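As written, the chain order gives the labels A, B, C, D and E, with residue 1 at the start of each chain.
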Amino acid sequence: MTVSLISLILLCPLAAFAVFGLLGLANRRFPRQDYLSTAAMLIALACSFLLLREVVPEPETHTVNWVSLGSVTFSMGFYLDSVTAIMLIVVTLVSSLVHIFSMGYMHGDPRYPRFFAYLSLFSFSMLFLVVSDNLLGIYIGWELVGLCSYLLIGFWFEKDSAANACKKAFLTTRVGDVGMFIGMMMLFTKFKTLSLYGEGGIFALAASQLTTGDMVWLSIAGVLIFCGAIGKSAQMPLHTWLPDAMEGPTPVSALIHAATMVAAGVYLTARMFPILTETSSLVIAYVGGITALVAATIAIVRFDIKRVLAYSTISQLGYMMLAIGAGSYVAGLFHLTTHAFFKALLFLGSGSVIHAFHAMHAHGHDDEHEHDDSDAHGHEHNEDSDSGHVLGSEIPPDQDMRNMGGLRHKMPITFITMLIATLSISGVPFIFSGFWSKDAILAGVLGRAMEWNSVHHYILFIMALSAAGITAFYMFRLIFMTFFGEPRNQEMHDMAHESPLSMTVPLLILAVLSLPVVNTLWFNAAYVKPPPQPHLHAPAHAYIAPDTKGGTGLAFSLFGVSEAVAAEENAGHDTHGTHADDGHHGHGPAHTIAMVLSICVAGLGIFLSWLFYHRRTLSAESVTTTFRPIYDLFWHKYYFDEFYDGVLVALTVWKARLFAQFDGTVVDGIVNGVGVVTRDILAAFTGAFDNRVVDGIVNRVAQVTWAVGGRIRRIQTGAIQTYLFVVLAGIVLLILIFRAL
Amino acid sequence: MLLSLMIFIPLLGMIAVLLLPRESEELIKRVTLIPLALAVYLFISYDRSTAGTQYVVNAPWIDAFNIQYHIGIDGLSVTLLLLTALLGPICVIASWRNIEKGIKAYMALFLLLETGMLGFFAALDLFLFYVFFELTLLPMYFLIGIWGGPRREYAAIKFFLYTLFGSVLMLVAMIAVYLNSGDPGARTFDIPTLIALASTEGHALNNLNFQIWVFLGFFIGFAVKVPIFPFHTWLPDAHVEAPTAISVILAGILLKMGTYGLVRVNMAMFPLGLDHFTNGIGFWGNSLALLGFINIVYGSFCALAQTDFKKLVAYSSIGHMGFVILGLAARNDTGITGAILQMFNHGVISAMLFLLVGVLYDRAHHREINGFGGLGTRMPVYTGITTLAFMASLGLPGLSGFVGEALSLLGAYDEFKWLTILSTIGIVVGAAYFLWTLQRVFLGNLNPKYEDLPEINGREILTLVPLAILTILLGVWPNLAIDMFRESVTNLVNVLQAI
Amino acid sequence: MTLQHYLVISAILFTLGIFAVLTRRNAISILMGIELILNSCNLNFAAFSRFVTPPEDISGQIIAIFGIVLAAAEAAVFLAIILAIYREFGSIRPNEVDTLKG
Amino acid sequence: MQPLSNIDSLLHFSPEILLVIFAAAVIILDLVVKNRESVAVAHLALVGCLCTLAAVLFIHFSFGNEEPVALFLGMIQLDVFATFFKVLLLLATAATILFSLRSEELDAKLKGEYYALLLAITLGMFLMASSTNLLMIFIALETVSLTSYILAGFLTHSPRSSEAAFKYITYGAVASGTMLFGLSLLFGMAGTGDLTQIGGRLTELLASGEVSSLTVLIAITFVLAGVGYKIASVPFHMWSPDVYEGAPIPITAFLSVASKSAGFALFIRFFYTGFGSTGLMQFVDWPFMLAIVSALTMTVGNLAALPQQNVKRLLAYSSIAHGGYLLMGGVLLTSEGVGAILFYLLVYLFMNLGAFYVVVLVANEMGSETIDGYRGLGSRAPLVALAMVVFLASLTGLPPLAGFFGKWLLFTAVLEQGYYWLALVGLLNSVVSLYYYARIFKVMYFEDAEEETSHVSFSTGTFALLSTFVIPTIFIGFLNIFYTFSNISVSVLPMQ
Amino acid sequence: MEFTLKTFIFYGFALMTVASALLVVTVRNIVHAAFSLMVTLFGVAGLYVFLQADFLAATQVIVYVGGILVLILFGVMMTSGRLEMRIHIERGQLLLGGAVALALFMLLLTVIANTPAWKNRIDDGTALPPTTEKIGELILNGPFLLPFEVVSVLLLVALIGAALISRKEVRD
C-alpha cells in the first residue's frame, strides 16, 4: 500500500512531464494540458493525505538495487516516516495550488504547455528527493530540482536578466552540491554505503562504529553535506542567486524559491540530523543565524516586491537552519511547513499584484521585452539602482513598490490574504502559524543556550530575535507600501484589478493554511519523533546543574507543543548516557522568555514600520541619510554580488584563460624547449639555422625536424667532391671514434 | 564466428562499396546495420553471470611468432562493441547529406574504420590488438584530411603523428612483453596467457621494474589516444576540423580505445606496474590519479575559455576522460565500474554533442558561440535536445553522465582524497561552460541573423533520439550496462587486490 | 726491400690518390686519382703475394691482374661518362655538375 | 664440404649462364628486330628472367636445398641464402623490365642494350649474393657498379641522367677503390682470399698479437665503404639521392630495391662469414659501429626526406632510411636479425617497387616527378592513388600492411638483443617518416588539381601490374610461408 | 739490409713512383699530370718486377700505359679546351682534402708499423719461377676461371656501356 501510494505520487507528475514535456518540446499543444497536469498533482495530493495515515507507528523503508557492483550496492528506495509524510503534503499541496494559480497567471504565454511540464518535472523531482531513503537518491532529486529551477528561472529566456539568473542559480547551487558530493564521498568511503536507514545504513553504522576519534572527519563531512544545503537553501555566502531567481515567473518563485526547493536544504540538514556533531551543528546554526539576520537587513531596503520576499525567504531559511543547528529539529521542520504556506501565499499574492499591475503575461513575453528596454531609460532617476553589472538590480515597474500603494481597495482578496501571511511571518501571536514555529525556534535556541550555558547559543538567540524584529518591520513595510496610502502611479493604478478566480482561490486556501490548522501534526509527539544524535556531545563546561522542571508556557498548554518539545528532548538525551540521563528540562523557562521577547520584537517591528511607512511620522529618507554607510551596505546586499562578480568570476575566467594560454605557451613551450635543445645540439654538427617561431607542439617539432632535414639537405651540395669528402672523412672519423672506444 | 562476422562485415562492405557503382547507396547505408543487429543479438545473448570471455575464436595465424587470431569478448569489450556498433549507423545517417564529394570513398574509409574499432575491442591477442589499433589511423587521417574543415590537413597530420608517436612506444613495450613471455619458441601474444604469466611468481613478466617500463610504454600509447594531458593537443584540432560524423566516432569510440587499452593491457597485464603508479610510494603512487585530475580540471578550464562550439565540446571530452582515468586509478570496483560506465556514457553523450554542433554548423556555417543567441525561440526542439545533452554531459543525476562520474569519484576518493576533492572543481566548471554556452547560444534575444534558421530535421533527430534514449535509460537504470561487465570488473579487481 | 717498403709506397699512392680525388677540379684528374688508388691496391696485393703467402701461391698477383682489368673497364666507362658530361655541361669541372642536389 | 670443380659447377651455375645467354640473345634480337615499337626484346628479357627463376628454383631443390655447395673451387657458394636473394633479384628485375616497358622516358632505340644490361647487372647481383672469395666479391661488385653507372646515365639528352652517371661513377670508383684497399689488407693479413677462412685466420692473428686490432678495424671500415655505398648507408649514402633523381625511373626503382638487396646480401655474407666470430669481435666491435651507422642512416634519410619536392628524390631518401632500418638487423649477429632483414627486403621489394611504379605512371601521365604532379591524383586516378597510399603506408610501417610486419621483425630482433636505444631511434624515425609520406597523401587527396584535369585512365595491364605489387604489400605479413622462407634462408650463415 | 745496386734501383723506382704520383696530384697542367701518371705507372710496374711478378708487370705496362693512359689522354684532348688544361684548385678544398688524406696516411702508416705479421718480411732475393704459365693454368683451369669469365662479361658490358654513352651525340 505504502509503496504503491508513493509510486503513484511520484508517477503522476512524472507522467505529466513525460507526456507534456515531449509535446511541449515539439511545440504541440495538448488540449487541456493544464487541467491534466493539475489533476495529476491533485491525485498526488490525495495520495499524500492517504499516506499520512500509513506512517504510524514505525518508519518504513522500501529499496531496490540501483547500481550493484561486486562489493557494494547502491540502492534506491523510499523512506517513509512522519517527516516524509508531512513534506509530501506540503509539496503536493503547494504544488497543486501553484498549478491552479498558474492557469490564471500564465495564461496566454506562448510556452504555456512547457511551463506545466516543467512544473510537473519539478514536483516529481522534489517528491523524489523527499521520499528517498539514501543520500544518492536525495542527491539525484536535489540536482533535478536544481535543473527545474534553472529551466523555470530561465523560462523567459529572451530576457538577458533571466538567462543570467538561471545560469547563476544553477552554478551557485552546484558549488554547494560539490561540497555535498564530497561529503557523500567521505561517508561512502567510511561506510561503503549511501543508504541512510536500516541495519546497514549510515546512521546505524555511524552510531555503532564511530568513536571520538572520528568526530573530526564526521564534522567535516557534516559541514560538507550542509554545503549542499547552503547552496540550495541560499544560505550565506551562496545566497545571491535566490533574489536573482525572481526573474522567473512568480508562481515558480512561490513554489520553488519559497516553499519547496529552497526548503530542501533544511530538509536535508534535518535528515542528516543523526550524524551532526557538535561542531557541524554549530556551523549550521551560525550560518543560519547570520543568514537570517543579514538577509533581513537587506530586505529592509528593497523596493522590488519580489526581492523583498526573496530576502525574506533567505532569512526565514536561515531561521530553520539555525533551529536545526541548535538541535531544535521539530521546530525547524515546523517552521519549514508554516513558512512554505505563508511564503507561497506572499509570493502568489505579489504575483497577483504584479498580474494586476501589468497584464504583460497576457500579451506574451515580447511585451515584457519592450518594458525591459524602456526600463533601462525610464528609471534612470533611480539613483540607488546599481550600475547594472550586478544581476537583477533593475526593478521592473510592475514589481516596484514605489509604484504601488492603495491597492487594498482594488484587490481586496489579495490584500486580505497577504495580510494574513504577513501577520503570520511577523510572528503576531497566537492565531497565526508563524508565531508558533518561530517561537519554537527561539525557545529551542534559548533553551539550548541555557541548558549548555553556551555563549554561542546566546549569540544565536540574539541574532534570531533581531531577525524576527526586522522581519516584522520589512514585511509591514511591504504591506504599507503596497496596499495602503495613495496610489503613487495613477496610470498603473487604474489598470489594476483583482485577479481571476483561478488565482484568488489558491490565495484563499493558502491563507487558511497560514493559520495553525494543518500544522498541528507537528505537535503530535507520537507522530513526529526527532531522531537521536549520538555524536552530539555538549561541551563539558557547558553542563550546568539540572534546573527545575520549569513552568510550561501558555502556548504549550494551549496547543500541546510541550509534548513535542519534550519528546524531542527525551530523544535527544536518551541516546547518550554520558549526559543528562536525569532528563532535566532546561527549556522550561526558555519558552516563556522566548515567547515574550518574540512578541515584543514583532510588535516593535510592526510599530516602527507603521511609523515609517503609514503614518510617516518618521522619514525613511532621513534615516537613510543619517545611516548612509549602513544603508549602502544593505542596499548593496553586503556587496556579495560585487565580490563574486569582481573576484570569483574574474578569477575563474582568468584561470580559464590562463589554462588556455598555458596550453599555448607552456606546454608548447616545453616542447619548444626540447625542440630548441634538439636544434642546438644538432646545430653543433650542422651549423646554425633559422629559428622560425611557430605555434603548436607538433608544428614546432615538425619545424625543427624539417629544418634539420633542410640542413642535411644543404650538405648535399650537388658537388661530387663534397660527397667524397664526406665519405672519406666519415671513414676516418669512424675509425678514430672506434679506436677511441 | 559471430564476432568475426561482426568485425569483418564492415570490411566486406568496404570492398563491396569500392566495387559497386555509386548508385548502390542504399546498400552502403545498410552495411553498418549488420554489426548493429549482431550487437543487439550479443547484448541479448551475452552471459552476464561470468567474467570469462565469450564467443571466443582462437585460430593460429602467424606461427613463426605464435600470433593467433584470438578474439573474444568479456564484459568490458562487449560494452564498447555495442557502443561502436550503435554509433556506426548513426554516423552513416549523420553523414548522409553532409558529405558531398566522394561518398563512396568516405563510406569505404568509414567501414574500414569500423572494422578496426570493432576488431580492437574484440582482440585477445596482443599483436592482433595492435594491428587493429593501428588500422584505425589511416582511415581517420583521410576522413579528417579529405572531408574536414579549412585546417584539415594540419589537423589530420597532427592526429596521425601524435598517435603514431604513441603507438611506436607501445610497440616497443609490446615487443618487450613478447620477448619476456618465455623462451624462444614458447613466446606468446595471447592476452589471457600473458595476464596469467604476469602474475606468476618468478616469471620474467612478474617483475616490478620490467612492468613499470612496459606500463609506461603502453600508457603513452594509450594516453595519446585518450588523450591524457600533455598528449592532448591533437584533439581540439582534430575535432574542430573533422566532419560531424567523424568527430562523433573520434570522441565516441577512438578515445575509448585508449582507456579500453589501459584496462585491458595496463591494468590487467601489469598489475605491479599499475600498483607502482597508483599505490606506490610518494609521487609515483599518485601519478595516474594526478593525470586524471589534471585532465579534468585542465580540460574543463580550457573548455571554459573556448568560443568555438566544437572546440568547447572537444575540451569537455578531455575533461570527461579525466574521470575515466581517475576511476581507473582507484583500482576498486566502484572506481573501475564508474570509469567503464563513463567510457560508455561519454561515448553516447559526446556523440550527441558533436551531432548537435554539426546540426548547428550545417545551418549557420560557423561555430562561434558568441555569434548566436536566442536560438531557443527559433529552434525549440533543437534547444531541448541540446539542453538534454548538456545536462547529461555536465553530470546531471538522472542522466547517464552522472552515474559514471559519481562512481568514479566515489571510488577514487577511497584512494586519493585530495586529488578527488580537487577534481570536483571539474564538476562546477563543467556546469559553468555548458550553461554559459547554453545561455550564449540559445537564451537571450534571437540574433536577427538567424530568424530563418530551420529547425532540426527528421534525419538529424533520428540520429539523436537513440542516443538520447540511452542517455536517459542508463541514467535511470545503470544496471542495464553494469550487468554486462560487473563480473569482469570483479575479476579484475580481484587480480589487482591480490598484489 | 721489405714488405713494409712496398706497403708504405702503396700507402703513399693511396693517399695521393685520395688527395687528388678530393682536390682536383677536373674530372679527368679525379680519374687519375682513382687510378692511383687502384694501383696502390694492386701493389698491395702483389706485395702480399710475394711476402705473406707461400711462394708458390700467386693468387695475390692474379688478383692484381684482375684489378688492372677492372681498372681499365672502369676507366673506359668513366671517360665515356666524362665525355657525356662535357657534352651536356660544356665543362668537366666536377663542382659545376651540380644540378642535382638538396 | 668439398668445393666442386669448375666443370662440375656448371650445372649448379646454370641460372647465371642462362642470364648471360639471354643477355646475348636480347642483343641479337635487337639487331634483328627493326621495328622500334616492338616489345619483343623486353619480352625476351622477361622470359629470360622467368627461365632463370625456374632454373634457380630447380637448382635449389635439386642441390642447394640442404647443405651449401661450394662452386668453382670455392669462388662462390650455392645455398639457400643465395637462392633467396636470387629469387628476390629476379623479381625485381622482372618488375623493372615491366616498368621500363611502360615508361616513356627511355629511348626506344636503345632497348636492346638496355635489357641486356639489366640482365647483366642481375648476373652481377647473383654473384654478389653467392660470392665467398674476396676477388669474386670485388668483381661481382664491380660488375653491378659499372652496369649501374651505365644504366643511370642511360637517358639520351638528359643532363640529369649524365650528371647522375658521373656522380655515381666517381663516387663508386672511390668507394670501390677504398674497398679494394681494404680487401688487400685483409688478404695481406689472412694470406688467403677465401672468405670462409679469413675469419678464422684473423681471429688467430688477433689473439696471438700478430695483427693489431687497428689494422683489422681499418680493413673492415674500408670494406664497409664499398658495401655501405651499395646499401647507401651514412656516410656513404650521398650519391644516392642525386643518382636516384637523375636516373630513369625504372632504374631508380631497380637500384633502390635490387642493388640495395644485393648490397645487403653481400654485407651479410661478408660480415657474418668473414668477421662473425666472437673472437674477432672482442677486438673489433664492428656491430656497435654498424649500430651507430644504422641510427645515423635512418635519421639522416628521414630528416632529409622531409623537405623534398621531387618524389623520386623523396623516395631516394626514404630508401636510405630503409637501409638504416635494415642495417639494424645486421648488427645483431642473430639469425632473427638477419631473417628480419631478408623478410624486410622481400616486403620492401614490393612496396618500394610499387611506389616507383606509381611514380612512373604519374611521370608518364602528368609529365612531372615533383610532388605537385600528384595534386588531386585521388580524384583523377583513384585506384592508382589508392595503390600509392598502400605502398606508402606500408613503407611507413602501418599495420596490417606488410611493411609493418617487416619492421616488427626487425624491431623484435633488435629488442631481443637489448639494443633499446636503437629500436627507439628506429621507431621515432618511422614517426618522422610518416610526415613526408603523408605529404604525398595530402597532395593526392586533400588538394585539388590546379586546373580541371580530366580523369586519367590507365590500361588493364597497368592495373594488373599494380595489383601484383599491392596484393603482396597487403598480404605478405599474413602468411606464414614468407617467414619460414626468410628464416630458412639464414640458416646457412654462421651464427653464435 | 745490404745496400746493393738492387736496392738502389728499388729505391730509385720507389722514388720515381712516389715523386711522379705527387706530381700527378699537384701539377696544374692536365697533360703534365697525365705524363706524370705514366711515370708512376711505370714505376709501379718496376716495383712489380722487384716483386718477381713478371706477368703482372707486363700487364701493368700494356694495359695501363698502353691502354688506360692513352684513353686518359684522349679524354683530355676531347674535353679540354684551353681553359680546361689548367686545373683549378681551391685553397679550402685543398686544406680539407689534404687533412683527410693526411689522416688516412697516418692511419695507414700506423697500421703498417704496428702489424707484427708484416714486420721483418724481407725479400731474400730468391728467384721464383716465371709466373705466366702458372697464371694461365690458374685462370683457365683453376679457381680463377669464374672470375675470368665474369670479368669478360664485365668488359663486354663496359664496352657496350662506354659506346652507348659516348655515342649519344652521334645518334641525334
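Going forward, contacts are C-beta pairs under 8 Å (C-beta built on N, C-alpha and C of every residue); 3 or more make two chains touch, one makes a residue touch a chain.
Note that the structure is predicted; figures quoted are calculated from it, not measured.
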Shared chain contacts [subunit D and subunit E, defined touch]: A, C
Between A-D and C-E, the pair with more C-beta contacts: C-E
By mean Cα position, the chain sitting nearest the middle: B
Chain whose average C-alpha position is farthest from subunit A's own: E
Centre-of-Cα separation between subunit E and subunit A, whole angstrom: 102
Euclidean distance of C-alpha centroids - subunit B vs subunit E, Å: 71
Whole-Å separation of chain centres (CA-atom averages), subunit A against subunit C: 96
For subunit B paired with subunit D, centre-to-centre distance based on mean C-alpha positions, whole Å: 43
Overlap residues in subunit B, where contacts from two or more other chains coincide: 157, 161
Subunit D, residues touching no fewer than two other chains: 135, 139, 142, 146, 149-150, 153, 162, 165-167, 170, 174, 178, 185, 188-189, 214, 218, 241-242, 307-308, 435
Per-residue multi-chain contacts in subunit E, two or more chains: 93, 96-97, 100-101, 104, 107-108, 117-118, 143-144, 147, 151, 154, 157-158, 161-162, 164-165, 168
Chains touching one another, given as label pairs in label order: A-B, A-C, A-D, A-E, B-D, C-D, C-E, D-E
Residues of subunit D defined as touching subunit B within the complex: 378-379, 382, 389, 393, 396, 398-400, 404, 408, 411-412, 415-416, 420, 423-424, 427-428, 430-431, 434-435, 438, 441-442, 445-446, 477-478, 480, 483-484, 487
In the complex with subunit C, residue positions of subunit E that touch it: 1, 6-7, 10, 14, 17-18, 21-22, 24-25, 30, 33-34, 37, 40-41, 44, 47-48, 50-53, 55-56, 59-60, 63-64, 67-68, 71-72, 74-76, 78-80, 84, 87-90, 93-94, 96-98, 100-102, 104-105, 108-109, 112-113, 117-123, 126, 128, 131, 134-135, 138-139, 143-144, 147, 151, 154-155, 157-159, 161-166, 168-169
In the complex, subunit A residues that touch subunit C: 713-714, 716-721, 724-725, 728
In the complex, subunit C residues that touch subunit D: 7, 14, 17-18, 21, 27, 30-31, 34, 37-38, 40-41, 44-45, 47-48, 52-53, 57, 59-60, 62-63, 66-67, 70, 73-74, 77-78, 81-82, 84-85, 87-89, 94, 97-102
Touch list for subunit A against partner subunit D, complex: 702, 705-706, 708-710, 712-713, 715-716, 718, 720, 722-724, 726-731, 733-735, 738-739, 741
